[in-house]
Amino acid sequence: MPAIKTIGILTSGGDAPGMNAAIRAVTRSAIFSGFKVKGIYRGYRGLITNEIVEFKTQNVSNIIQMGGTILKTARCKEFETAEGRQLAYDTIRQHGIDALVVIGGDGSLTGARIFASEFNFPIIGLPGTIDNDLFGTDKTIGYDTALNTIMECVDKIRDTATSHERLFFIEVMGRDAGFLALNGAIAAGAEAAIIPEISTEVDQLAELIQNGFRKSKNSSIVLVAESPVTGGAMALAERVKNEYPGYDVRVSILGHLQRGGSPTASDRILASRLGSAAIDALLEDQRNVMIGISNDQIVYVPFSKAIKNDKPINRDLLNTLRRLSI
Amino acid sequence: MPAIKTIGILTSGGDAPGMNAAIRAVTRSAIFSGFKVKGIYRGYRGLITNEIVEFKTQNVSNIIQMGGTILKTARCKEFETAEGRQLAYDTIRQHGIDALVVIGGDGSLTGARIFASEFNFPIIGLPGTIDNDLFGTDKTIGYDTALNTIMECVDKIRDTATSHERLFFIEVMGRDAGFLALNGAIAAGAEAAIIPEISTEVDQLAELIQNGFRKSKNSSIVLVAESPVTGGAMALAERVKNEYPGYDVRVSILGHLQRGGSPTASDRILASRLGSAAIDALLEDQRNVMIGISNDQIVYVPFSKAIKNDKPINRDLLNTLRRLSI
Amino acid sequence: MPAIKTIGILTSGGDAPGMNAAIRAVTRSAIFSGFKVKGIYRGYRGLITNEIVEFKTQNVSNIIQMGGTILKTARCKEFETAEGRQLAYDTIRQHGIDALVVIGGDGSLTGARIFASEFNFPIIGLPGTIDNDLFGTDKTIGYDTALNTIMECVDKIRDTATSHERLFFIEVMGRDAGFLALNGAIAAGAEAAIIPEISTEVDQLAELIQNGFRKSKNSSIVLVAESPVTGGAMALAERVKNEYPGYDVRVSILGHLQRGGSPTASDRILASRLGSAAIDALLEDQRNVMIGISNDQIVYVPFSKAIKNDKPINRDLLNTLRRLSI
Amino acid sequence: MPAIKTIGILTSGGDAPGMNAAIRAVTRSAIFSGFKVKGIYRGYRGLITNEIVEFKTQNVSNIIQMGGTILKTARCKEFETAEGRQLAYDTIRQHGIDALVVIGGDGSLTGARIFASEFNFPIIGLPGTIDNDLFGTDKTIGYDTALNTIMECVDKIRDTATSHERLFFIEVMGRDAGFLALNGAIAAGAEAAIIPEISTEVDQLAELIQNGFRKSKNSSIVLVAESPVTGGAMALAERVKNEYPGYDVRVSILGHLQRGGSPTASDRILASRLGSAAIDALLEDQRNVMIGISNDQIVYVPFSKAIKNDKPINRDLLNTLRRLSI
């Protein structure tokens, strides 16, 4: 492999606030260290459709505060095939790209891992997902912003007039991980969270009802992780209607707005540090690692470890939530 | 009728941001003018259940910025019966309340009108509803905040990665009125709004599709007023799937969060002016009028006129929206 | 004058949130009606330095929510000279620009008026200033956002622990007009406002102190318009120290942040309507008018009238503020 | 010492967003574990003036989202004297308070340490300060919110039209610690930060100018920690005028608004966890420790260690900032 001169950068998968801050950090740190930078549009698809432009420092001016990603993102079926990846590799050669920085979640890093090994090509991953479900990093880019967005929505819902005895299910993102639901519930002062991590162990809904979730005459708010394991808010509401007919149940599904918004300070700083560290990693001849943060220190996490391990949720938080909702 | 010495205040119906600012303004203006003030909890129900406390100026300190209503609100079936209203009147006599200020929407003012006429009792209404659907006032308390909340949600949804050719229906409140949907669409830079006012005249969905709503490869966002007349976002999405199968349709229902949040400057100022004017009106021996704002001037609108007339929507805005979404 | 084919657009003077929404509306409405559009950078200076690019509908995509102005703005001394304006006119001819839309405040519209008359050139003005001090329009673009920004800052300041008997002067913008100070005070629940409009009539500080501004043991907050007439917050604090030494005075100067931020719904809608109406006005052969809004209707205001007349402040609001701060 | 039955809680020193969330967590966790809770108003002063009320779970309902502190805070000179502390102790005995939870910064915990040792009285401290300058905890309650507030202000300032070559000093809090200035600069995409930690080592202003801080024609923004060591923004601006007369310098002092605002998710969760852990600590017979968070785990930090040790700033962040501002 020749020395790296040009670095390609792309965002992939579901977008997350702070991706732009990461793009800015990667671009400027790379230029600072003498590299050329090429921006690849719409994730891996841009490698196949050849949507690539050179990025100068001005290309990333005034984007740190923007939600979404200026590079766009898309899911790309073709990149899951050997033919697609060959096309992508051809494009990379054609543009003289010597290394990639990929910002995305589990699926995106899986793609990176396969591509890197097939073509012996250096890739650095940055954890960009609101779900916070990547192993090896305390936080992922976008998680803090999504958590604040959820909290602000629940704050607004709680403002509204509360008839008595209402049970409110608010569905938040988190297919495989309850970070948003559990921490969102604590932050918003909600009564409970229903999360996938313990769905097979206990019947969280039954427990909730049996514990007498209502301590006052006010409405109770329960955050539900959108997941096949929890069933989601709609299915839970259906169960309540059938099994506990005394309750007046309402459902609110926060949906896509959780992915947007100007990133919080924490997400911008995280993205700036990780993006800058991605270039350090390349300078140190690292490859095929995800840059993470652990105990406020930069760490390198092999792709396989980041992807394959479940990130544990802090179960003490379930107790904290229970104590504070009395 | 003896001279008014004590004024009761209540909030009724769906709550709206700025109700607290109105409660503060009524209370302080009343005390400033030498009246006693009694706060009635949970709307008309509090008149039946006797949930009433005297309000001093401190009771309304530091509430101007709060969403919801410190007096709570509830819908009250009993008040729709003659017996219920008699109970309410007895409570009012018992507390020495000589006049009422009622903050709420169409249904609440209808209740006020009936009660006022049955018992020859002075009531002043304040328009408090996010729907902006009361005739005789340019704006209702809560409308501006809800409009901003909707806009911020759509801003966030638009941030997210846009696959091509996606059609996004975002359902907002407005059972009988398209103010939120139409103005929200203009404010958020959405492509179109589907509103009840013209639902019987044209097939808005068909028109939208036929006009070729997509001018770019980006997703298109359409705001839909939640109304039996429009059908709501879900039904429209269903129609698209059946009638225009080429589109990738998504639905987001903003729901209850539209009622909450700290009120905007405009809503706080409106509530402060209307609340203050309610006391002026009582001092001028007005009764059974809603206080409104028209061309930035305080106006008195007879209950019957405020309730019975449809408030027209400015149809020029439909053209503005169309021109700006090219 | 030949028929108009190409419209130039510029923003000038102090920038205001919503200018981007206006740029978008002018551009898209113009293209919708078959015109070409040229964006002129950095206000009148761009006419002298020839910073002009053609604008397509994509140039104004996704800017409605941005603070500032993508066209930048600058104050331009040269444009105040006959030579400078001749240079500007030459540039305009060179680019084939047949009419201008100028978004700005009093100074910018004065420049427009002079230029339009010197060269018999059609110009439409849009009121873009946070100060709301243009005659003939109920609201200017940016005012509502600035008002909300001020309110949010005061909300935060009021949150903080209040030692007793503290007098807080918060200086807000408004060189010649007290709209922001007076309405900001009502919206934030402040105790008083000191505004230029009545500075020569009464000694507002003396009145404030003599009225016993403190009704409780909490701190009192007074909003002060930054103006040579009021003296500004610093000078008032100095006076208090000298003349009323019993008070613990604090000063906060909000400064430049009042000009920034994502525009509110009201400002975006106003900007969209006015920008769209600017093109209508040109289609109707209007020229040398400012587009305003009056009683929710579009109006055309001759430049001379918009600039030369003082816009009166609603003095009832002073009474409202006084009653509500008891 | 008899077994603890009643716990007193107070907030002291400069207030910080999240203090209410901490009050709620302490109160509810205490009640959950069978304790009585007494709320003490205005910090240590309330122990002298006897402003104490019993807190039930309802007293802390719906406060998690509020800025400031419902218990108020004040600085108290008398508590610095032996006589004052004796009065405080008498009040504590009179109310049957067996242990205290004190939420505050360095000065407040110093007071706690002295009092605890003089009267052999159990006290648990919670780190509540926006400055983040307490040793032994990764984060203090209020820091994340203040950081976001600063970032949002700088975002707004950056929005405004940028004449060329302007140098903007924005002063933020942080008497002894540059956490807010340095991290705020990274989050806001500012060009530099001037912080107390390295003030004696290098002339940060000279370095900034000599490094050629301007890379583009846009304005440059520098965050300055308000500190005798840095000199503050005003003094720096004065220096620039004298020593580097070519620059157009502007100053903005964010001031008190940095202490206010609804707490972020991170601050609410931190406050909830620490407040809950304070009760666990008392149950474990801990005393005279500050509850901290380290690597996402609860830790107990002896008062002396928390107060006397300087908390180091991560100097890598200075490099990150420099690289990203090219």
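Every chain is named by a letter (A, B, C and D) in the order it is written, and numbering of its residues begins at 1.
In this text, a residue touches a chain if its C-beta (ideal position, glycine included) is under 8 Å from a C-beta of that chain, and two chains touch if they have at least 3 such contacts.
As the structure is a computational prediction, the values presented were derived from the model and not from experiment.
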{"item": "Chain pair among C-D, B-C or A-B whose interface repeats that of A-D, sharing over half of the contact pairs by residue number", "value": "B-C"}
{"item": "Separation of chain B from chain D, taking each centre as the mean of its C-alpha atoms, in whole Å", "value": "40"}
{"item": "Chain A-chain B separation of Cα centroids, rounded to whole Å", "value": "36"}
{"item": "CA centroid of chain B to CA centroid of chain C, Å", "value": "29"}
{"item": "Shared interface positions of chain C, touching two or more other chains", "value": "155, 158"}
{"item": "Category of the chain touch graph - line, ring, star, complete, other", "value": "ring"}
{"item": "All pairs of touching chains, each written as two labels joined by a dash", "value": "A-B, A-D, B-C, C-D"}
{"item": "Chain D residues touching chain C - in the complex, by the definition given at the top", "value": "14-15, 17, 66-69, 72-75, 149, 153, 155-163, 250, 252-253, 255-261"}
{"item": "Touch list for chain A against partner chain D, complex", "value": "24-25, 28-29, 31-32, 57-58, 61-62, 64-65, 138, 144, 147-148, 150-151, 155, 158, 183-184, 186-189, 215-216, 218, 262, 264-266, 268-269, 272-273, 276, 295-296, 314, 317, 320, 323-326"}
